[in-house]
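Got a structure here, written out as structure tokens. Questions coming.
Which chain is which? They are A, B, C, D, E and F, in the order written, and residues in each are numbered from 1.
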Amino acid sequence: MSFFKELTKGIIKENPTFVIVLGMCPTLATTTSVKNAIGMGIAATFVLICSNIMISLIKNITPDKIRIPVYVVVIAAFVSVVDMAMAAYLPDLHKSLGLFIPLIVVNCIILGRAEAFANKNNVLNSMADGIGMGLGFTLSLSVVATIRELLGNGTWLDMRILPQSYNPMLIAILAPGAFFTLGFLMAAINMLKEKR
Amino acid sequence: MIVTTILAASIGSQVLIPVIILGIMGLVFGIILAIAAKFFSVQTDPRVEEITAILPGANCGGCGKAGCSGYADAVVHDGAPVNLCAPGGAEVAAHIARIMGTEAGSMQKKAAVFHCSSGGYKNTNWKYTYDGIESCKSAASIAGGPNACFWGCIGYNDCLKACMFGAISLDENGMRVVDWDKCTACGACVKACPRKLIELVPQNCAVHIKCSSLAKGPDAKAVCGTGNPCIGCGICARKCPVQAITVSNNLARIDYDKCINCGLCAKACPTKAILDLLAGSRKKAEIDPEACIGCAICVKACPVEAISGELKQAHSIDKEKCVGCGICIEKCPKKAIRMQD
Amino acid sequence: MKFYLKLGFILLAFCVVATAILAYVNSVTKPRIDELKRVAAQEAMAKLIPNAEFSDVVIHLPEGASTPDSLVYYIATAKADSTKILGYILSAEKHGYSSNVKTMAAIDTEFKLINIKVIEQAETPGLGANCSSDSFAERFKGLLPEKLLVDKDGGEVKAMTGATITTRAVTNSIRETIAIIRKDIESRANTLPEVEA
Amino acid sequence: MGFFGQLFVMAVSAIFIQNFVLAKFLGLCPYLGVSKKLDSAFGMGMAVIFVMTVASAFTFLIDKYLLVANGLEYLRTLAFILTIAALVQFVEMVIQKNAPALYKSLGVYLPLITTNCAVLGVAILNVTPLPDGSTYNFLWATLNGFLSGVGFTFVLLAMAGIRERLELVDMPKSMRGFASGLILAGTMALAFYGFMGLKI
Amino acid sequence: MKDKFIVSPAPHLHDRTSIPNVMWNVVIALLPALVFAVYYWGWRSLWLTLLGALSAVLTEALIQKLRKVPITISDGSAFLTGMLLSYNISANSPWWLPVLGAAFAIAVGKQVFGGLGNNPVNPALLGRAFLLASWPSLMTSGDTWIKTLSRPFSQASINGISNLDLIHQNLQTVAPKAYDLVTSATPLKVAQTLRDSSFVNTITSSDSLNSVISNNIFTSLFDLGTLQQLFWGNVGGCIGEVSVFALLLGAAYLLWKNIIEWRIPLFYIGTVFVLTFFLGGIKGTGYSLMLPFFHIFAGGLMLGAFFMATDYTTSPLTKKGRVIYAIGCGLMTVIIRLWGGYPEGVSYSILFMNVMTPLIDKITMPKAFGRIKK
Amino acid sequence: MRLKTFPGGVHPHDYKHYSASVPIEELPLPQKVIISLSQHIGSPSTPLVKVGDEVKAGQKIADASGFVSIPQHASISGKVSKIDIFPHPSGTPQLGIEISSDGSDNWVELADDPNYLELSPQEIRSRIAEAGICGMGGAGFPSVVKLSPPEDKPIDTVILNGVECEPYLTADYRLMLERASDVIAGLKILLKILNAPRGIIGIEANKPEAIALMQKLTADDSQISVAPLKLQYPQGAEKQLIYAITRRKVPAGGLPMAVGAVVENVGTAAAIYEAVRFRKPLVERITTVTGSIVQNPKNLKVRIGTPFYELVNFCGGITGDIGKIISGGPMMGVALPSLDAPVAKGCSGLVLLNTREARSIKERNCLRCARCVDVCPMNLMPSLIAQAVKGNNLDLAVQAGLDDCMKCGSCAYVCPAHIRIVQWIDTGKLRIAEQRASNK
């Protein structure tokens, strides 16, 4: 049942953030709050699914020499759609994600997936891959964001979790905190892997 | 279809101009890339990439080249042999051969064995208290090495550290052993061991001398510690039905080309210096009397004279004598012999 | 030749389709986005001075003195009575600690601050970034431009703990902008916006 | 402030204060991925500087004369990335043919650059209004691309230097690879905090 | 005769230095400053220092235990890190600040990379940067710094009141909320406030401040009285910045013991001195020797130059490299102090140069004796 | 005057007080001697005798086996009792010839040739070669090879190495005091065969009597002078000594003759004098037996091949537990597993350390304190070499100077982390040699 396998592998086994280590920029830049992280995750997932489907459809008619430009155009189109739609219907989120929406284009995951997967697989599997990878991406973004928002702001999804008296550790929502959080998460994953 | 609908729906500058602009950009870039592809095309040998792709990518250096891609390059451009990649084994060799259009050549799967059983550090007698860096190579280079046996394992695990496939571990005596399933015969351990205790042998060889000491018997015994030293008594050589063992300089050595894995030497060795991997699991040959035509080929072939029988009559095998080497099976023209537990 | 054109046209085709789709999406979303922007600006102003209508005034600044050569402020007139000037809304900006801090401020006809709203900043979260909060705006309410200095500089704006620089940027930018438009407003001497040339 | 004064300010800003990697979170994948060896970091850095400069110039022109002129700002993402992808591929082919030695050292990094946020990032930032409302002209946009590339290369090299050193020591197993790379990135980001709020 | 002798590689002789010896000596060298800090700011300085050191030591022990490697807390390096971290916070800080900072310094700054000798940047400074980024208001705001005027040295022995105090008091009359007698800004903070406020002056038409804050007073901050006060102590600042005198005492001990080398402190302080002289002049305060002296005495420069920039692990290996490194530290310090948004530049400068250290080592790799320079 | 020296280096406590003032004593004839066939750099000598042969003292019993090799001579008279692998002062057992003494000390015929300075250089060289002389300063390089530079490399300076910078050792010092004229005579022979205009005797400032004596004896010789040197280990190392005295830098990988210099140990010079004048082969040397646990530390004149335990016994045995036995000085000498090894031509001393002095301290992580970098006289980066070898990055190790290290041990001496830098370097040298061999 390869469809199902393609669907689930992105979540843990080939998690784009922790295992493949691509798409670092949005992972770190948009995880200051869980809300942003989920927004980013969904946007990226949408693009991933659409572009994976599209690319596996057109893979046979694109000559090798212009393969990358063509894929890039396809992906950029979907990204722009997301960008505009978000600006029109979710303006606040759009504002806080800022530059990183257009950057989904280059976001290595998507190109990585297009090159590595959709280019070689059929539509159904590509779609499954897109969904899986997107979910995996969203999930890891949320995990990182949860830690950062909790430590750096005392809240989760804007709900106050830690008591008011907690003096938030601001570094968690600053740039260095993003690196540290992800670094330690990765170390934890390595440790778990070693244990097995 | 969609295009036409959209176009039809709103033909106006709102759609037309952007479409034209981007269209032209696409056209221009497409043509430029196409021209560039023609004009700047470089003949690279695609085979290098193909070979790199099928190599295991461990970059272990076993082939003697700078990493896997280095080897791929060497195969294509310098005509390096296709069967140098030990980790990849015969499969990869065959694959490369197919790409290169040559024959894979024989690639007997090999693995590492240790010719020492002492266990090294703490399990042998030491001449002195060694106070230096814990590496066999370093320790061996001062004062002849710390262990009393000049030939034996020092035990700082240089071999174990060198093995990137995790094939080496310690047995209950503290001696290093190789997991043949994991061993890829890359030879890194062989290079690492300053005592030259490790040898790559074909994986179908089951009997090994577990000692490298050139000392005279009593001396070897005195220094060995928990191991089983070879004392050079020569009993094994005399027991060997195929003369695969020679003893020189107080040490027995097995010629793996001759050895038939019968294990007789191991049974005979007074110091248990010979390891028999098949001990206890060895099968015996049995002749199917129906199929046997009594050609006596097997009688001649059997190294231990376990087969007897009249010409043209079904032969029989003396189970006591049979060592399960399987030579008769190979030789029997009628495939009348089988192995039985 | 055919090879070149073929590649060119394939890429062209993709571009055309993609662009067409985008053009379509844009035509759908653009009005909404613009509308959102307008409403947001209106709302921001309405929050600062409720029940008012706004009309803009452009002041041209002397060349070379500063980078933007013009400045816009809004005159707020009462909804009920369009001849009654309720105050003015100005926007000011200055570099704070790590970003440009853009503030919208409402002043009454005496140039006293009615309220302010920081609308754009990327200061340190938890520090300078707190300038977007209402409690920060409180510190400005009712101040006269003369008092518009951070307490450490001798004024009456209480600096946020650990974020004097941000506070100073907001305070100073507002004071400076008021100083500029003050002349314009005074010259206009309570005439109504319609008269504006 | 004369030309050189402005240039200096821009350089300091791009390299230290608003560093692409450490302050703007752009180009992190190569920063983490190609920083294990100084040599390859250097190659990557040079390739990025080159592409960022050229891409800045091209995209600026395209934006100004094709997009903005026709009110098509919404096509930026599409047009820019198309330009960058085509450009990178073109450059790669040219170098491969005409400078095989250069290709050997830089070539492998070029394809990676298409997927580097920093390039598209700088192209987009070049055409977004600056805090004071003004925008770059062609010269400054190109210089900005170049200097941002230099800033990227600078931290990439520093990172590679540290990681080469750490190659030799025994780090805890679980920290090897990306985990320590990320911790290092955080450390460097903290070290660069001193430049924040710098007014020049 | 025993039958088993030791066989080891040459050399068989070793000089008396060892890691614990080096580290505890640095701890000793830091003690004078602690004495001064306790004298001026009370026992809390001591408690905070001990808390930091203790937290560092415990963190190190815990991590080493978890990693199943030998526990090496007795070598003093963790203690030293914790102590230096505490020296970098105010004596008025909450107790958990040094605890968290030291734990972070050891865990993230050191053990993550495998412990002693492997850390790429100075752990104590990383800990400080962590605290600064996490709780900036606790680490920078005016009320954190205490200063007790009731002690000798500060006034009696220096004949009257210094301009620094005068400025404090003047500022109090115009802005009573910002400054009071018990807590006071650090000298560098005052300088920064003055710097930024004087920009204000040129713009404001309402000149209520001009009488107080003028260039005149700006320069008069850097007078002999201020310098004396900085030298002996009792100015607002971190625990370890208390007195230049106390730090120099420790530094002399380290130099005498051959534990630190003169290059880094000399070139670091020298660079700051020279640059502040010239750049300070450019910035309109006129060329005066007072300004550079103010800058080398104020803030953490002495602490940084003698005790933190000299940290073996994070400074270059070669002599030439150390000179480059020290000059770099000086340059960065001056830039941050004169143009930065943050009054003190020492810790960030050292951190930044730590990051550069591998590159410096790379370019200053020596040519072997008898090898021709290429 | 500021004394001359070289950059880098360390100042270990010198411990010379144990034996510095003890005059040279002759060790009684040993029961047996073991003449090792590898007492020098180069190929081992080939034996000329077989078990059972009777030999006289001074008789040649093994011949040079090539250009870089030397003959060996019996140092006592007696019977060849064994040719086998024996313990060796280098630690690694080597092939040697055992001679059991007949107690008579029967010598081969020696000559006396007072006009030896008039001999042709060729003749002198062959006498040196015949006498089996190799460097006695430790390296054991066949002297005749050193003394036959090619035509295009004129030698203008001959330096006698009287530095003895190793702590504990006083053999060269006593030799210079007690046989000063032999040393100077040897130097004159060297000047003659190399046709060199000047000879300089380098002596460190901690041996003022030796300096004074040598200065007195050479005062009226225009060719020969004495260079007092600042105390600094490893001043005795050839390249450092040449630099200290002449400010010339021997190129990396090059030989002293590249800068027109030849360095010989003072003991070698004295041996050369005896060989040329009396045709006496090298069968005895001065060796210091010292250490805190030696009953009476002494400077002994011993026959080559005498087992070390004889020396120790003659010095009254030991007064405590031996921790370490060092053949040579404590900085570069080799620790031995037993006292069975014999004295070789290069053995300048035997140092016994007690268990406290020999206790081991665990190796820790490198602190990067740079002490090792600061003291390395070869201007290398020892810590980096050690780390690179450990991390298996031989290229980096070579960049950091692996090939140029002379293993003086200064770096390991100062390292507060007690890293066995020299052993790491040794290991690195082994590995790189293997790698280079397999790449060929």
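The rule is short, and it goes like this: a contact is a pair of C-beta atoms (placed from the backbone, for glycine too) under 8 Å apart; a residue touches a chain by one contact, two chains touch by 3 or more.
A quick note: this is a predicted structure, and the numbers were derived from the prediction, not measured.
Q: If every step must land on a chain the current one touches, say how few steps get you from subunit C to subunit D.
A: 1
Q: If you check the contacts of subunit B and subunit F, which chains show up for both?
A: The common neighbours are D, E.
Q: With centres defined by CA atoms only, which chain is the most remote from subunit E?
A: Relative to subunit E, the chain whose C-alpha centre sits farthest away is B.
Q: Measuring between mean CA coordinates, which chain is farthest from subunit C?
A: F
Q: With chain centres taken as the means of their Cα atoms, state the distance from subunit E to subunit F in Å.
A: Centre-to-centre distance between subunit E and subunit F: 51 Å.
Q: What's the distance between the Cα centroids of subunit B and subunit C, rounded to whole Å?
A: 75
Q: Averaging only over C-alpha atoms, locate the centres of subunit B and subunit E and give their separation in whole Å.
A: Chain centroid spacing, subunit B to subunit E, equals 59 Å.
Q: Can you give the whole-Å distance between the Cα centres of subunit A and subunit B?
A: 44
Q: At which residue positions does subunit D touch at least two other chains?
A: Expected reply: 74-75, 78, 82, 86, 89, 169, 172, 175, 180, 183, 186-187, 190, 193, 196-197, 199.
Q: Two or more other chains touching the same residue: where does that happen in subunit F?
A: 91, 334-338, 360, 365, 420, 423, 426
Q: What parts of subunit E, by residue number, touch at least two of the other chains?
A: 5-9, 108, 112, 114, 117-118, 130, 133, 136, 341
Q: Chain pairs in touch?
A: Final set of chain pairs in contact is A-B, A-C, A-D, A-E, B-C, B-D, B-E, B-F, C-D, C-E, D-E, D-F, E-F.
Q: Touching residues of subunit C toward subunit E in the complex: what are they?
A: Going by the criterion above, the answer is residues 97-98, 124, 126-127, 146, 149, 151-154, 158, 161-163, 165, 168, 172, 175-176, 179.
Q: Spell out the part of subunit D that touches subunit F in their complex, as residue ranges.
A: Going through subunit D, the ones touching subunit F are 167-169.
Q: So in the complex, which bits of subunit A are touching subunit D?
A: Residues in contact with subunit D: 21-25, 28-29, 68-69, 72-73, 75-77, 79-80, 83-84, 99, 102-103, 105-108, 111-112, 175-180, 182-184, 186-188, 190-191, 194.
Q: Which part of subunit E faces subunit B closely enough to touch in the complex?
A: So the residues of subunit E in touch with subunit B come to 4-9.
Q: Which stretch or stretches of subunit D touch subunit A in the complex?
A: 22-23, 25-29, 31-33, 74-78, 81-82, 85-86, 89, 111, 114-117, 119-121, 124-125, 172-183, 185-187, 189-190, 193
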